[in-house]
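There are two complexes below, and they share subunit A, which is joined by subunit B in the first and by subunit C in the second.
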Partner chain A sequence: MKRDRLLLVLYLAALVAVTLVHDPLALALGLLGLLLLAGRSAPRLLHRSLRVILVFNLAVSLGYALLAHLRGFSPWETLLLLNLRVLFLTLLTFLFISRVNLFSALDFSPTLSWLLALAYSQALSFQRAHADFRLALASRCLERPRLIDRYRASAAAAAWFMDRALATARDSALALRARGFFDA
Partner chain B sequence: MHIPDGFLSPQTYLPAYALAAGLWWVAARRLRSQLDAERLPWLAAVTALAFVLMMLALPLPGGSSVHAAGIALLAVNFGIWTSFMAVSLVLAMQALLFGVGGVTALAVNALALGLAGSAAAGLAWRIFQPIHAGLALILAGWASVVVPAAIIAVVLGIQPVIAHDPTGRPLFFPFGLSVTLPALLIPHALLGLGEGLLTWLGTLTLERLRLRHVA
Partner chain C sequence: MLELTGITHRYDGCVALADIHLRVNPGEKVVLLGANGSGKSTLLKIVAGLITPSGGQYRYKGEPIDPQRLKDRALCRRFRREVALLFQNPDAMLFNPTVFDEIAFGPRQLALADVDARVRHWAGVMGLSDRLERLPFNLSGGEKQKLALAALLAVEPEVLLLDEPAAALDPRTTGWLIDFLAELPVTLITTTHNLSLAPELGSRALVLGEDHRLIHDGPIEPFLSDTDRLRAANLVHSHRHRHGAIVHRHDHVHDWD
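Moving on to the complex of A and B:
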């Protein structure tokens, strides 16, 4: 089996395995192991992971701590387990993303691989266009736009993206047909 | 509004994957029967569209904003199954290429947002469109936000009941339905109005664009 495909299978198996572990110590040791595996990229990946989970986990943790205080039970074991598991899974995902080429891992299915590559490349191009739309609105407003104007701007962007998506689909289909993709 | 990794028990996400796999298969077959050989670039383009629609600002009073869902726009313009497939692919892309969202929660998110959200929007559009097209679009947008929020609230809220240790301590998401239902439904019922407005204005603008192309 190819390296990337093997790593994808191992990653998916690890995700399931981690959700079967309910011992905070085992999760903390596993987290330590992941950081060692990440090597020099460990601080960067840890920082990214913490940034991604911060808001949701903080909201859940503070809410649960408050509930525990009001009802008179200790929340710490649950919160430790929950936060360690979420951090472990997120760090594992970022480590996977940094080490594995997903397009190569999915090349057992040419259709899936093509679909992902086409969708991903178009999504990146739309992402840049979306940033341009945002900057265009900001640069054309001397003062803060009204609520209805901000809705109109979002709606105009949505319509433009829908129109563009259909045109892109036609262009991609023609390009693929010209290269004999549909002949196989 | 989708569930991150680590908050759902395997008792929840494994059956959800089994259900979603069956429905992805049905959706793929339906798309294949509806579209010709060009289905691949078409689905890719709609997926990229779903990706960027989820990035659009849903303006809130006071100058702030949250991300739109764009599911009603997809469901009304491209159909429920296409919308389900596109939203599922976006969630997979976000989880596996950008590290946002959750891989274990992917199936639940796809079923709630992609299928239930699209179906609710499509249903609202079909029921109310003969009465008033604008109202139907607003209701479709509202339903595409509120129905997934209700499903996610239920899925999260049952975690303490189905996954706890012998002492009753929750092992995954710790809040019950009495907390998750109001915490998710009240804000999403209000955000749904914004999503409805965006769906209506977006569809009106798209129609004007199409008319310009025809002219």
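Moving on to the complex of A and C:
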């Protein structure tokens, strides 16, 4: 089996396996192992992972801590487990993406390669659009943007991306249907 | 007014602009031509002080400009008021809850006394007076383009940078835009890959070739009649024409917006 495909299989197996681990210490050790595997890129990948999960995990953790407080039970072990697991999965994914050529890993299946190409082109086009939204806000602000303007700009961008994603998904589905993708 | 010296830019190792030298004087109306991907938008973003070029220097009124230098609040405030960029995708620029707030966004930052009058003036010019309470997101593509332009003009910039402004417009609105821009007393740089529109947008052409270098800087008419250079810039193509029984092939332009 070629390297990229083998790593894909290992990655998928690790995703399933880590959901079966309920010991925070084991997860922490696993996380340490990932950082060692990442080598020199460990700080960059860890920073990126923390940024990605920060808002979502903070919201979930605070909500759970509040619920635990109101119902009178200790939330700490669950919160530790949850946050370690999410961080592990995110870091693992970033590490996987940085080391594996997905196109090569999926080249055994024309269908999967096709879907990956669609997703990848979408991601690139959204990345460019996201950069434009950020620069457009900067270009219209004579001062550092206020928090309310940033919220509004983020909300407008989110609405645009959602709208565009739905339209593109609809077009992609029609294009796939036209090319016989759903006929098999 | 604007001076670019040896500007080079790369994205992820790929060249977007190579060794660009140019100068734009106050009041000039310049058309920036080039095929898709030649670096037109990147050049405008550098001139708008939004991205730092990988090499070379950009000066505005003699002052070096890049995002780092624009952290100086006084410089940023002056530069952002004087130099405005209309993005190719107007959605990127619209984030306020109503059309009124969108146009008022710039004047409010300047704490101008006549915000209401400015908004109504520019809404009137752009034909948006009956849309002032509407959500910008729900406007048509052409209306969004006009709204974004009104929002920029409300602070009376000295330099207006327009990135493919006619790309999303219907023919009638395109005609209106050409007339409007011709009368506008600003320094104007407009990008397009539509050769039939180009002479209407300015008398001086800057042309970016496929190698991302400036291959022409001068009057637009001689360039438009130079087939070899048009071909080098990937701005013309040839295909078979059928006129009844006669079939022939030659270089020509299509307006493909």
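Quick note on the criterion: the second predicted complex is superposed on the first by the 116 of 184 C-alpha atoms of A that agree within 3 Å, B and C clash if a C-alpha of one lies under 4 Å from a C-alpha of the other, contacts with A are read in each partner's own complex, and residues count from 1 in each chain.
Here is the rule we use: a residue touches a chain if its C-beta (ideal position, glycine included) is under 8 Å from a C-beta of that chain, and two chains touch if they have at least 3 such contacts.
None of the values given here were measured: they were computed from a predicted structure.
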Touched partner set for A:Ser41, first subunit B, second subunit C, both or neither: neither
Subunit B versus subunit C as contact partner of A:Ser113, first or second or both or neither: neither
Which superposed partner A:Asn101 touches (first subunit B, second subunit C, both, neither): neither
Subunit A: partner with more touched residues, subunit B or subunit C: B
First, second, both or neither for A:Ala155, with subunit B first and subunit C second: both
Partner chain(s) touched by A:Thr90 [first = subunit B, second = subunit C, both, neither]: first
Doubly contacted residues of subunit A, that is, touched by subunit B and again by subunit C: 129, 144, 152, 155-157, 159-160
Sites on subunit A touched by subunit C in the complex: 129, 132-133, 135-144, 149, 152-153, 155-157, 159-160
Residue numbers on subunit A that touch subunit B, as the complex places them: 12, 15-16, 19-20, 22, 48, 52-53, 56, 60, 63-64, 67, 75, 77-78, 81-82, 85-86, 88-90, 93-94, 96-97, 102, 111, 114-116, 118-120, 122-123, 125-127, 129-130, 134, 144, 147, 150-152, 154-163, 165-166, 168-170, 172-173, 176-177, 182
In the complex, subunit B residues that touch subunit A: 4-10, 13-14, 37-38, 40-49, 51-53, 55-59, 61, 63, 65, 68, 70, 73, 77, 89-90, 93, 95-100, 102-104, 165, 169-175, 179, 194, 197-198, 201-206, 208-210, 213
Complex interface listing, subunit C residues touching subunit A: 45, 48, 50-51, 67, 73, 76-77, 80-81, 84-85, 87-89, 91-97, 105-106, 109-110, 136-137, 151-152, 155
